[in-house]
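Same chain, two partners: chain A is paired with chain B first, then with chain C.
Here is the complex of A and B:
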């Protein structure tokens, strides 16, 4: 069963489905008269997953593995090379490509984005009120005389006060700005929100507040999240299911507890082992993976992880492993020689033994 | 602040010229008693020049001309520069490449020779046609030409700003919301590009005033307009006998150009929302 990590039971209420999404960048060598393509960067290479209504799918992986590119391709901020994105029953990748404005706006209303860096994602010359009014103006769902009321409503929804509306972004802290970013995303009452590392540029003390806010909003508004992060602790906190990306591909996808307790892919296991433990005496063991992440321009043959994998077999260098369901119904892994389906052992400090 | 005060001073003088000037700019009656090249006196505070004009009055009436040249030329230049630079930066790719080569072509043209040639030719062509009756047609030609050759720096700055700003996350956020391209350019990118543009435009106004003075100094100015460059052209030959007739318009040019350059600095601060109280 190669259902790209999507299980048959949940297929009915899936709200966002990404099929075989690819984003390739040509590497050009500029000549005097013409440029020659000397290679291809496979930033996102055949990513497929689905998100069910009301759940949070965490998308983890290290920097440069294509998480953000995936999100941006879903939102058509960059045009995907191939693949499709379904929102409900609509193929939104096609809607965005064709550019029929009412349909594009309808799709935009359903799918919103929370940016990573709240210092860059708000127009510095606009007051918060102007920023929050923009989606109302663009979508025209509300008559202009109700915009102010809605702005106040949104500010209160994210834990800010009405008087904040007249301030400029530079008068706020990072956490407050991120709240404004969340309010802007929620202004059009979306069903699905893609959160692209929403807390990674915030102070550690503020992260918990923002994560709690996201969780509360999900509960009260019935939102569905695609939560992108390299921070495994926040992913574990907020996600229902987690997909692990390595070099532009999803290598494992499972329910959050399954993934964190019984990872089957060796890369997932290495990631989990690398979670820092707040104990200076903790035995970190032989956690560190050998080598570097290969360049997305020159991906290894077969399984992309095989040069670094402690359990690589000869087949791994030749055949690309497919993402297929393993033992549990909600667990898919792309590996020829997966770890045994047993819980990982932790020592007293919480570190993986 | 000094820049603003200087500019306000020049603007007030320009607007109130008929009230402030003791004589009509074309009044040569001084010839009848004081004579030409009379030294400064109570009746002629800046003296009179080679042709018996009152220097103070001529300098005062030069202010509106200078402002018209500076603002007019930069209006033309800004429109062309912002449109070309903006399109170039926002669209990118081949159109960017072509438009920037076009801009560079304009940058390497020896502007003054072209302006002098066109002003001269145009001055000959219009004789005897309806265009001759348009007031200050010669001055307008100079203004338009200065604008037509003054846009490349504005286009380059605009392009650089657009390239930088179109990658910013708040622009992507606007795209996520579904804002139209026009909205993104007009409401997000352009206002954020303003500080740099205002600075280069304010400096350009000073440059245009200086350029017009040069054209007039070479004798290609509008003979019917009163301009500071022209006063210098008329009087530089008597610099040793009547220095006041040259010094006064020079100081006027100096004050105005300095004022616009200082204003450019001040404006870039004023546009920064961080300094807004």
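Here is the complex of A and C:
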């Protein structure tokens, strides 16, 4: 159980390692005197992966697959049911559980979070300067007389101007607010930044600006990203490696080009084929995937994807497939009957033939 | 000015010669706010032909949703339609009484909203709320209406229709709710469906299923559609013609192929190139950055003078600030409003 699904990224330069992370929610039926547990929602069920220093691991999947829960459990914003998270050589899940404040702060300094909705994640009653000095105050790294200088530095880093410090969030557009959210995450000079759908709520014309900013910051500051998104095109742009989640588990993990060009899991393939291609001549053919994602309360037996899988075998309903190395290096897939290891064929419009 | 003959819905004329099903002229929608009048839709014209899908593309605040709502005269307060004509079936919808308008909504022009969860009544079963519409428009018995709803549920791919009829919206998944909304739109065989971001809230695999469904139904019933979306992939797949909007004005309108393969307006071009593509290897060029549209979306309370896009446009020249470009035909069925493409301009007062 312990090691199932560990992908074997080079151990030497790995900065974040997640082992068998689980988050289960009990489903309670409330009675007059006591509640009874009638079921379990397996939101994240045995997720393991590692992220190397300086890379971006994309975590993709549809809503409800557990990608945000995974991210929050890593940071202990949600307490994980079990599993461990290593940041460098420190077991931070242990640190968070013990709750020793100096050590918790040290862990949080290294691991920061950019939220999906820049409208909800900034305090509307605080000026941007207050928002950006809060992490400096909490972590106490800088003497107070240097805070203003640091705020200006941070604003310039994310492409805003010094005078923006005295404004309130409502005076900004969505893209500018997300820049503030990024500046706040960078205030304490983290090593790893978890980006949870950072561009999903932004307009198309602003999305490219923020994606470029994230790429620039990664190059100049040597940041490591865990980039969570359901939008596969932004994942293709920003990621070094990509993990695909389905119903609380990772079904495939590989280098970005391998995953987009030679996916082996049938779910990954279906996801890729479902993306509408921006070309009116694209012939998309039939939708591969029928039905909907089952409830995480009643997960199917065996492979969780088998009821919707076009290539399911009898064994798929009985035995849980392990995430194991496929032919290529750095390519692991959890499937009893994977697609052949050939490149998917795209026609001139970019649609999957 | 135009006397559009009453539409025979299954006319076998080629699309170009057939009279348009709907023709919007010089449409204006204003929001009266404390900060003055916000012109959310600022003088736009377009037609929707029989059996075609017109894609209405733009960012939030471009006025695309308000445009589609104004076709049904459903703009929410404090917005109001400040001018324009909407010719539909030989009538100008602007001149109808509210009572007459109600008879058009849902029967001749139906709507599919962005968020199916908000557009269904949470305290009525889906069967009840859909049959109510059919009873009102078609004056049939409740039982006949229920049969019609069940028939449509089968058509839109809702299995076990009889059970579903008795369920409430909260018991249905997002994908099924959107199917219910599509069934609701089809109840009275409308000539035109307005679909406002019908798949934006759905996952890609469900989105793909819903787009398949809309495509199939469109061909089967010959329904025209106005598809409002910001997703260039969705509009490429669904639309016959595409209108691009920016800051309440139309930038460019043409058939889908022209928009994607020969876009003329700088905004259309920028929209198409700024998106990352799933079929590109970015890993081979680590320093590569996406082409961006600089600046930020316009503030409609104080829009830029002249061409509203000039402050973000790479091709802008001084004249772009002084003249408001007008939609000008530059090819068959291809109109663009850009001074750099030879559009006529009206001096800013």
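As a working rule, the second predicted complex is superposed on the first by the 342 of 353 C-alpha atoms of A that agree within 3 Å, B and C clash if a C-alpha of one lies under 4 Å from a C-alpha of the other, contacts with A are read in each partner's own complex, and residues count from 1 in each chain.
By our rule, contacts are C-beta pairs under 8 Å (C-beta built on N, C-alpha and C of every residue); 3 or more make two chains touch, one makes a residue touch a chain.
Computed from a predicted model, the values in this text were never measured in an experiment.
Peer 1: Does the chain A-based superposition show chain B and chain C clashing or fitting?
Peer 2: fit
Peer 1: At the Cα centre of chain A, what angle separates the centres of chain B and chain C, to the nearest 10 degrees?
Peer 2: One gets 80 degrees for this angle.
Peer 1: Between chain B and chain C, which makes contact with more of the residues in chain A?
Peer 2: So, of the two partners, C touches more residues of chain A.
Peer 1: Does the superposition put A:280 against chain B (first), chain C (second), both, or neither?
Peer 2: second
Peer 1: Pick one for A:77: touches chain B only (first), chain C only (second), both, or neither.
Peer 2: first
Peer 1: On the A-aligned overlay, A:105 touches which partner chain: chain B = first, chain C = second, or both, or neither?
Peer 2: Touch status of A:105: first partner only.
Peer 1: Go through the superposed model and pick first if A:141 touches only chain B, second if only chain C, both, or neither.
Peer 2: So A:141 meets neither chain B nor chain C here.
Peer 1: Closest Cα approach between chain B and chain C after superposing, in Å?
Peer 2: 11
Peer 1: Across the two complexes, find the residues of chain A that touch chain B and also touch chain C.
Peer 2: The answer is that chain A has no such residue.
Peer 1: Once bound in the complex, which stretches of chain B touch chain A?
Peer 2: Those in contact with chain A are residues 168-170, 172-180, 183, 187-188, 191-192, 273-274, 276.
Peer 1: Residues of chain A touching chain C in their complex?
Peer 2: Where chain A meets chain C, its residues are 62-63, 173, 175-176, 203-209, 211-212, 215-216, 219, 230, 232-234, 236-238, 240, 255-257, 260, 270-282, 284, 286-287, 289-290, 292-293, 346, 350.
Peer 1: What does chain A use to touch chain B in their complex?
Peer 2: So the residues of chain A in touch with chain B come to 75, 77, 104-105, 108-109, 112-113, 115-117, 120-125, 134-135, 138-139, 168, 170, 181, 184, 188.
Peer 1: Once bound in the complex, which stretches of chain C touch chain A?
Peer 2: Result: residues 59-60, 173, 175-176, 203-209, 211-212, 230-234, 236-237, 239, 256-257, 260, 270-272, 274-283, 286-287, 289-294, 296-297, 312 of chain C touch chain A.
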